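After this come two complexes, each holding subunit A, first together with subunit B and then together with subunit C.
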Partner chain A sequence: MKMRVIVTLKPGVLDPQGEAVRHALGSLGFEGVNKVRQGKMIELDLAETDPVRAEEQARAMCEKLLANTVIESYALEPLEG
Partner chain B sequence: MKMRVIVTLKPGVLDPQGEAVRHALGSLGFEGVNKVRQGKMIELDLAETDPVRAEEQARAMCEKLLANTVIESYALEPLEG
Partner chain C sequence: MKAAVITFPGSNCDRDLAVAFEQSGAEVVRVWHKDTALPAGVDVVGLPGGFSYGDYLRCGAIAARSPIGTAIAAHAQAGGYVLGICNGFQVLLEMGLLPGALLRNAGLKFVCKPVGLNVVTTDSAFTSGYSEGAQINIPVAHHDGNFTADANTVARLQGEGRVAFTYAQNPNGSDGDIAGILSDNRRVLGMMPHPERALDAAQGSADGRAVFAGLIGAFVPG
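Now for the complex of A and B:
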């Protein structure tokens, strides 16, 4: 089954990439953009078909590789199909 | 209101970053990972409070800046709060 992992910087951690996007949007004439935060999206296609076990696997992958848990948090979302 | 933008490479476009993650997961002993695709997540905090207009704004931002629509597709998701 497919799992989607969203990795974001923890609140309070400076996000220069998001800030650059916000600035660029302003330069392009987009107004009313209060804040931009940028993160990563990783889509995992796992052989495991049981949703609970697939989530366990994905969580272990996040802890070991996908997220730097000192400054980043992650969220797991099962995807259909 | 907040909008979440997910930018992914279109199907068929080579994703070396995802492939590198898949390989690294294999090296760490994770089995049963068929495929990994990596994309971007951008969280926009917009002053606009109307959901329809906020989505219109976010779509325009994607077309102009956030996504390279030749090779990338994007999805918009309203966020609570």
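Now for the complex of A and C:
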């Protein structure tokens, strides 16, 4: 089954890239953008068909490699199909 | 003294680092990232600057989990010396051998210039060749050198004298102006500036030599 992993900087960790995007949006005339946080999305296509075990696998992958838990948090989302 | 210089795909300071060790009198062996063991008798492991694995995922993340990574961690845990410069510092943080993380520079720009550094502690092989509080001049060249850690970790590093170098003028937003830190046994040093690029006055500064000379000194009997 497929799992989507969303990795974002933890609250409070400075995101200079998000800040630069916010400034760029402002200069394009988009008003009222209070904050931009940039992250990454990773899709995993796993051989595992059991949703519980697939989530366990994906979580272990996040802890070991996909996220740096010193500065990042992650969320998992099972995908249909 | 025998130094192993690791080459990852995308390392680009590995040769310079090998020259720095050789000029200081060390025997150098070059080790490939797919190797699973360090050659026998290695005293110091050098992790060079560059863009290991194209900086994919996060700087240093994939190198930290490469086949040679386990051997490097075992070397450090057994009390061996490890010097990680620039991308090598990023690798050491990703391996968990040093605390904290390196974020994108606060100004978002790649910073490539000589910078002034304060030598904060001389209590390590790497810094024993400097005088405490000395200001030295060594180049930086990085995009992701903005050292960050939670307030307790920064305070602990400072309190335990584990901040090796600070920037005289912070070029990247690092917490506490931190440019380089030591492990708790003081045998692992990670630093963003490049001492291997400051070995000779012809390079603009020879202030980096003491890092390598100090390491060699740790292996001279008596």
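Following the convention adopted for this analysis, the second predicted complex is superposed on the first by the 81 of 81 C-alpha atoms of A that agree within 3 Å, B and C clash if a C-alpha of one lies under 4 Å from a C-alpha of the other, contacts with A are read in each partner's own complex, and residues count from 1 in each chain.
One rule holds in what follows: contacts are C-beta pairs under 8 Å (C-beta built on N, C-alpha and C of every residue); 3 or more make two chains touch, one makes a residue touch a chain.
The shown structure was predicted, so the numbers you read here are calculated from the model rather than taken from an experiment.
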{"item": "First (subunit B), second (subunit C), both or neither touched by A:K35", "value": "first"}
{"item": "Subunit B versus subunit C as contact partner of A:L76, first or second or both or neither", "value": "neither"}
{"item": "Which of subunit B and subunit C A:K64 touches, first, second, both or neither", "value": "both"}
{"item": "Partner chain in contact with A:V13 - subunit B first, subunit C second, else both or neither", "value": "second"}
{"item": "Chain touching more of subunit A, residue-wise (subunit B, subunit C)", "value": "B"}
{"item": "Touching partner for A:V21 - first (subunit B), second (subunit C), both, neither", "value": "first"}
{"item": "First, second, both or neither for A:L46, with subunit B first and subunit C second", "value": "first"}
{"item": "On subunit A, the residue positions that both subunit B and subunit C contact, one per complex", "value": "64-66"}
{"item": "In the complex with subunit A, residue positions of subunit B that touch it", "value": "6-8, 18, 21, 24-25, 28, 30-48, 57, 60-61, 64-66"}
{"item": "Residues of subunit C defined as touching subunit A within the complex", "value": "57-58, 61-62, 65, 93-94, 99-101, 103-108, 146, 148-149, 173"}
{"item": "Subunit C contact footprint on subunit A (complex, rising order)", "value": "13-14, 16-17, 20, 64-66, 68, 70-71"}
